[in-house]
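First the structure, in the form of structure tokens, and then the observations on it.
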Amino acid sequence: MTILDPTWTALLYLVAAVCFILALKGLSSPKHARRGNLVGALGALVALVTVFASSRLENIPWILGAIVVGAAIAAPVARRVKMTQMPQLVAMFNGVGGGAAALVALLELPNASDGWLRLAIAFTLLVGAVSFAGSAITFAKLQELMTTRPVVFPGLPVVMGVVLVAAVGAGAAVVMSGSAGIAVVLLGVGLVAGVLLVLPVGGADVPIVISLLNAFTGLAVAASGLVLGNVLLVVAGTLVGASGTILTRLMAAAMGRSVAGIMFGAFRGGSTAGSTTVSERPVRSSSAEDVAVLLGYAQRVIIVPGYGLAVAQGQHTAAELAQALEARGVAVEFAIHPVAGRMPGHMNVLLAEANVPYESLKEMSEVNGDFKQADVALVVGANDVVNPAAKTTPGSPIYGMPILEAGDARQVVFLKRSMRPGFAGIENELLYEPQTTLLFGDAKDSLAKVLTAVKGL
Amino acid sequence: MGGIELLTITVLAVFVGFEVVSKVASILHTPLMSGANAIHGIILVGAITVAGQATDGWVLAVGLLAVVLATANLIGGFVVTDRMLEMFRGRNVSGKGGKDAAAPEKGGAK
Amino acid sequence: MGGIELLTITVLAVFVGFEVVSKVASILHTPLMSGANAIHGIILVGAITVAGQATDGWVLAVGLLAVVLATANLIGGFVVTDRMLEMFRGRNVSGKGGKDAAAPEKGGAK
Amino acid sequence: MTILDPTWTALLYLVAAVCFILALKGLSSPKHARRGNLVGALGALVALVTVFASSRLENIPWILGAIVVGAAIAAPVARRVKMTQMPQLVAMFNGVGGGAAALVALLELPNASDGWLRLAIAFTLLVGAVSFAGSAITFAKLQELMTTRPVVFPGLPVVMGVVLVAAVGAGAAVVMSGSAGIAVVLLGVGLVAGVLLVLPVGGADVPIVISLLNAFTGLAVAASGLVLGNVLLVVAGTLVGASGTILTRLMAAAMGRSVAGIMFGAFRGGSTAGSTTVSERPVRSSSAEDVAVLLGYAQRVIIVPGYGLAVAQGQHTAAELAQALEARGVAVEFAIHPVAGRMPGHMNVLLAEANVPYESLKEMSEVNGDFKQADVALVVGANDVVNPAAKTTPGSPIYGMPILEAGDARQVVFLKRSMRPGFAGIENELLYEPQTTLLFGDAKDSLAKVLTAVKGL
């Protein structure tokens, strides 16, 4: 069916593009984030209606069926996924988007009449495939289908070089010949490149990689927009490519790292992730009951949640503990480090899901002065984000990163399972300080025990 | 459409993308990434176009696969982003909470 | 060039213009106004085009008048903006001065 | 000559457009403002070279001559103008830009083949002419070639209505007929409209109007870009139109006013500007010598400069006084209210010109806490920006505007010529407070006398 003439079509696509811009604007502002997302969905709806109303399409029943299938797969998963698994879900959605862009480019190849168009197609094939395969690996890492540690093997740089040459060669051949066969080869090369690119990245860096691949997919979509002559795809893809690039840099900066360091750090042998050195020095450890007394008779407690809380899924127990303490008249706050948890801002989401009131979540800059007045800093599954080495040890991998000054509190309690270091793989001197106590065990279990003991006080 | 116009549009979109995102608070990094992820699901429009032009079985099959993938990206992306942001719903930030206060859209149903 | 492409370009440019300026410190309001003023002096390109196509005396005269006016806008605008900003030159803001510190381009000659 | 093919031409124009975007970005950041301006100038240069190298132009010697004439007029004026006269110069440059756009549109009318193009031409003619005439009036007001007070006459709204109808009518006729004669009429109507629009605006509001007309000119340039099919003009004009609109609102907001209130306030009889009520209540006034003693033996002095300092051109004397006091060991700061002076940010420029070190210029939010520790607040030709009515008197025209808390200082000294109120036309209770002293006279003269006396201490 063709109800819309080209002018109206273009105008409606422009409306959709404006919706996407407004969506990104909204998502960047805490007040309007949710509305922004809805505006984006509205834009997508406008675009979908437009494409059906404006092109002479065959196979419409098939297409509608495919849309139903896609929606039926994605929507329930998206609705039911646990908060802690959101990163891998985002990775997967990103990957399939890249795959779709690559497939669209593949099918458009026979229609591409000039070299520039074929160049855009080659770009989309390669980048879309990289995004697809890379996202699959990030998914596997985050879902712990494979090791979360960097995977590096001796010849990796050489293999990468070979793949790069193959990609350039196949790309050039696609541009010259327009052969569908070579295009499929290019697709394959892209898949291999995507796998190789993400394998050497450590588990905790994966969120950055997801953001980067997200920007890649945006670029692939923009390029396929060039191929199809569709302004909406060009604008939307470019928006995502540009904002994704900035966002990747912001995320990396929040961890005091560079994007290049994350992607290629393992090659240089300088990977900082996943050391398992265990120190022999003595520490003070105590029982859940002791900790309960400490907390129950304090006036002011600051809870510092970290990666371990997310792993243990202890957020609900932590929220209950906070409630129980507040019922006793203890002032409780959560101190949120920007890079605590699995993804930037993830702690907020995690704790918000556990119904911790928003006012209790304090950003680093707000709360850092408060530790001096706190009786207890309860560090739950966090480590690097309170490590004083960031301030005292030049040369440490986290040197220069702003930290939560938990050490300023009168007492510091760590809930962790062992003396193993955190993501950065370095010792935390705070564990050995005189005011520090450790309660060993899984964060959720420990919190539950402490909670029971607090209620029994 | 001319290449230069498309290039101009691309360049301007790059600036819009940069500027819009450049000052986002870290609390919104994850939802923003997820929302941007949903937006590139609009490749669905391209997938529909190619699937709708397919005359041979193979092409249609690949086109439909692209439609399925793109739909998953688009719909899943918006839904998961909304869920993330819903976490911040209905919280009492009146008066306080400052400039980084998150999404006080009250009363959204669970 | 198609109207729709131009419209798209215009819409994107509106967003760029809004976003770029939306967080400017009040100290820069005046130079920014003046700099934007200089930028629209680029109508000179249009004035040159029409003057360069003029075949009859009247048209040429009006075209040349437009060239004179546009040149004054363009050159005068950039010069006066530079002078305003030069006022802030070479001041010692190292370390202090904070985020609103103005233009520490050192050593610009008077 | 045509050296460049259309693709290269378009690419170079795009480069110029990017330069303009970067220029605006730079100008919005204190660190890069000056470089931003230079980048803008570079963009203009690229565009000029491009237009000469890409079009088949006749009359090149004439055109070059005209450019030389334009440059020879503008550059020396721009280079020599006094800081206090910059606003009117900006207004003038803005006006001639609008005029140029209107003339370009007029000449393109015979080539405009379709109705949309003629609509763009009509728009440019009208808006360009409004901008030209409006800027001329703002120039006359600021240069005091005419009264700076709002000019309103009884039938003004009716006349405005008639002009509006005439503009719409003539515009429609231009779109229909494409007649050059009617286009000239439209131009004339635009000139009249521009004059009528700006006449009712009071002198102190003129900067806002300049900014608004600046945005208008941007839109006119964008529209003439549409007419000429020149992407650069479209982008540059739109950028200026959009950013100018935002800037106008920011400026108005800094004064606690609305743009509509400024433009049409006088019609509603609610003009707040220029009241000359003189109160009869007693005040304390004193001599330059008394003030010198007060200042010379203070530990901490905060100078609050205002509109009157700019009018009196006393900035150099103020800087000298500050130096003399610092030589005596007095800590001196200048407290800069965002809307003090003739234009937003103008006080900074004025004082920077007088070589006041940048560190001594404090923004309102920085300095407001300091007044409590200050021995003397020396208010030089300022009034509204220290008027406590903004906090205490709901219904006052300045209610809600943030003010400098000069009243918190132990002593307040006003340098002004009379008891007349400032721009807002309302009494300033601070003048009657027990800790306040007045030194009547022109700001520059008074400062000079105080300076002499301080040196003689």
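For clarity, chains are labelled A, B, C and D in written order, and residue numbers in each chain start from 1.
Assume a residue touches a chain if its C-beta (ideal position, glycine included) is under 8 Å from a C-beta of that chain, and two chains touch if they have at least 3 such contacts.
None of these values were measured; they are calculated from a predicted model.
*Asks:* Can you work out the whole-Å distance between the CA centroids of chain A and chain C?
*Replies:* Centres of chain A and chain C (C-alpha means) sit 41 Å apart.
*Asks:* List the centre-to-centre spacing of chain B and chain C in whole Å, with centres computed as mean CA coordinates.
*Replies:* The computed centroid separation for chain B versus chain C comes out at 35 Å.
*Asks:* Compute the distance, rounded to whole Å, between the mean C-alpha positions of chain A and chain D.
*Replies:* Distance between chain centres, rounded to whole Å: 46 Å.
*Asks:* Specify, in ascending order, the residues of chain A that touch 2 or more different other chains.
*Replies:* Each of 21, 231, 235 in chain A touches at least two other chains.
*Asks:* Would you pick out the residues of chain C that each touch at least 2 other chains?
*Replies:* As it turns out, chain C has residues touching two or more other chains at 1, 3, 5-6, 8-9, 12-13, 15-16, 20, 23.
*Asks:* Could you draw the chains as nodes, link the ones that touch, and say if you get a line, ring, star, complete or other?
*Replies:* Shape of the chain contacts: other, as it matches none of the listed patterns.
*Asks:* Tell me, which pairs of chains are in touch?
*Replies:* Contact pairs between chains: A-B, A-C, B-C, B-D, C-D.
*Asks:* With touch defined as at the start, can you tell me which chain A residues reach chain B in the complex?
*Replies:* My answer: residues 16, 20-21, 23-25, 27-38, 40-41, 43-44, 47-48, 50-52, 55-60, 62-63, 65-67, 69-71, 73-75, 77-79, 81, 83, 86-87, 89-90, 93-94, 96-97, 99-101, 103-104, 106-108, 116, 207, 210-211, 214, 217-218, 221-222, 224-226, 228-247, 250-251, 254, 336, 338, 343-346, 348-349, 352-353, 357-359, 363, 366.
*Asks:* Note which residues of chain C are touching chain A in the complex, please.
*Replies:* Of all residues in chain C, those touching chain A are 3-5, 7-8, 11-12, 15.
*Asks:* Taking the touch rule as given, give the residues of chain C at its contact with chain D in the complex, in rising order.
*Replies:* 1, 3, 6, 9-10, 13-18, 20-55, 59-60, 62-89, 91-93, 96-105, 108
*Asks:* Show me the residue ranges of chain B that touch chain C in the complex, using the header's touch definition.
*Replies:* 1-2, 5, 8-9, 12-13, 15-16, 19-20, 23
*Asks:* For a test of understanding, state which residues of chain A touch chain C in their complex under the given definition.
*Replies:* Going through chain A, the ones touching chain C are 7, 10-11, 14, 17-18, 21, 231, 235.
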